[in-house]
Amino acid sequence: MAHTERDKKKLLQRVHRIRGQVEAIERGLEAGQDCYKVLQTVAAARGALNGLMAEIVEGHIRSHLLDADVSPADRTEAADELVDVVRSFLK
Amino acid sequence: MAHTERDKKKLLQRVHRIRGQVEAIERGLEAGQDCYKVLQTVAAARGALNGLMAEIVEGHIRSHLLDADVSPADRTEAADELVDVVRSFLK
Amino acid sequence: MAHTERDKKKLLQRVHRIRGQVEAIERGLEAGQDCYKVLQTVAAARGALNGLMAEIVEGHIRSHLLDADVSPADRTEAADELVDVVRSFLK
Amino acid sequence: MAHTERDKKKLLQRVHRIRGQVEAIERGLEAGQDCYKVLQTVAAARGALNGLMAEIVEGHIRSHLLDADVSPADRTEAADELVDVVRSFLK
């Protein structure tokens, strides 16, 4: 967990922003806000989640696949996980 | 805002689930959870947001574009908004 | 098929560009091109296909959902098709 | 280019299928086919391109990031390229 630990502050800031967007969606729906406004907030939250994912995947690649201290077995596992993740958003 | 009003309960349930997922991402990062686990939760939240978006877009189409009571001007505006939304996730 | 007929030339130009990109992928693979180059062409083709899809969906919305001459039954069918398409890329 | 060379036959089969789909889109537009049919072919081609991309990315990870014979400099370059590709479809 090296990299999410090291990047924790930055990643948590992203998560807090996403949480704020999800709460804005909730308030918008509760208040009967125009659905186009709600959709724009949903689209923004989706973009922010994509950004968070890209950030964690990048950390994953750099820490678990590049780091010279990683054992071959751990590196292979990290590669399998990465392939899984890539396949999940290329479906 | 007819349709998000009518589907409010269902839509809010979806939003609550997404909020729970975002909170799980937050807790996972705070606790130094394995990054693959975090990524899987991020992917699940993204899928749930997509589902919410599809649901609202469907309501938008059925209420603002199909409903016979909608004025031509409002229908045109709803179509422009829909085109915007579609373009935003086909970028 | 009013709109794809009317926009035929523009749409076919897009398709020809995509076809050229797919042929470039093919040649790249045949020639043992660097895989990053191939991936960039694949990404470009994917972006171009998204653009084509957005263009056709926009025509679909404007012709089949907005046009005053469309019968209620045809409009409902066009809306169902659109919902299907939107769901397919929000999966 | 080890992996696209090794997987050449399989990758080319995928590309040929995509090319067939793009040609079907072209014929559909030329013939004034129902736009929903055209959209379904576009969606299928997009799915097939995603599959091709996933396949090449997987080969990239396994060959350039896992292989013990890769020099540290080449491995770093492969990681940078991968990060680029992942960011491009998480935009």
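Just so it is clear, A, B, C and D label the chains in written order, and each chain counts residues from 1 on its own.
To be clear about the criterion, contacts are C-beta pairs under 8 Å (C-beta built on N, C-alpha and C of every residue); 3 or more make two chains touch, one makes a residue touch a chain.
Keep in mind the model is a prediction, meaning the values are calculated, not measured.
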Ask   = What's the overlap between the neighbours of chain A and those of chain D?
value = none
Query = From chain B, which chain is the farthest off, judged by mean CA positions?
reply = D
Query = Counting in whole Å, what is the centre-to-centre distance of chain A and chain B, each centre being its mean C-alpha position?
reply = 17
Remark   = Per the C-alpha means, the centres of chain A and chain C lie apart by a whole-Å value of 28
Request  = State, to the nearest whole Å, the distance from the C-alpha centre of chain B to the C-alpha centre of chain C.
outcome  = 23
Inquiry  = Touching at least two other chains at once: which residues of chain A meet that condition?
reply    = 50, 53, 57, 89, 91
Inquiry  = If every chain is a node and each touching pair gets an edge, what shape is that graph: line, ring, star, complete or other?
reply    = ring
Remark   = Listed in rising order, chain B residues that touch chain A in their complex are 1, 3-5, 8, 11-12, 15-16, 18-19, 22-23, 25-26, 29-30, 32-36, 38-39, 42-43, 45-46, 49-50, 52-53, 56-57, 59-60, 64, 81, 85, 88-89
In the complex, chain C residues that touch chain B = 50-51, 53-54, 57-58, 61-62, 65-66, 68, 72, 75-76, 79, 82-83, 86-87, 89-91
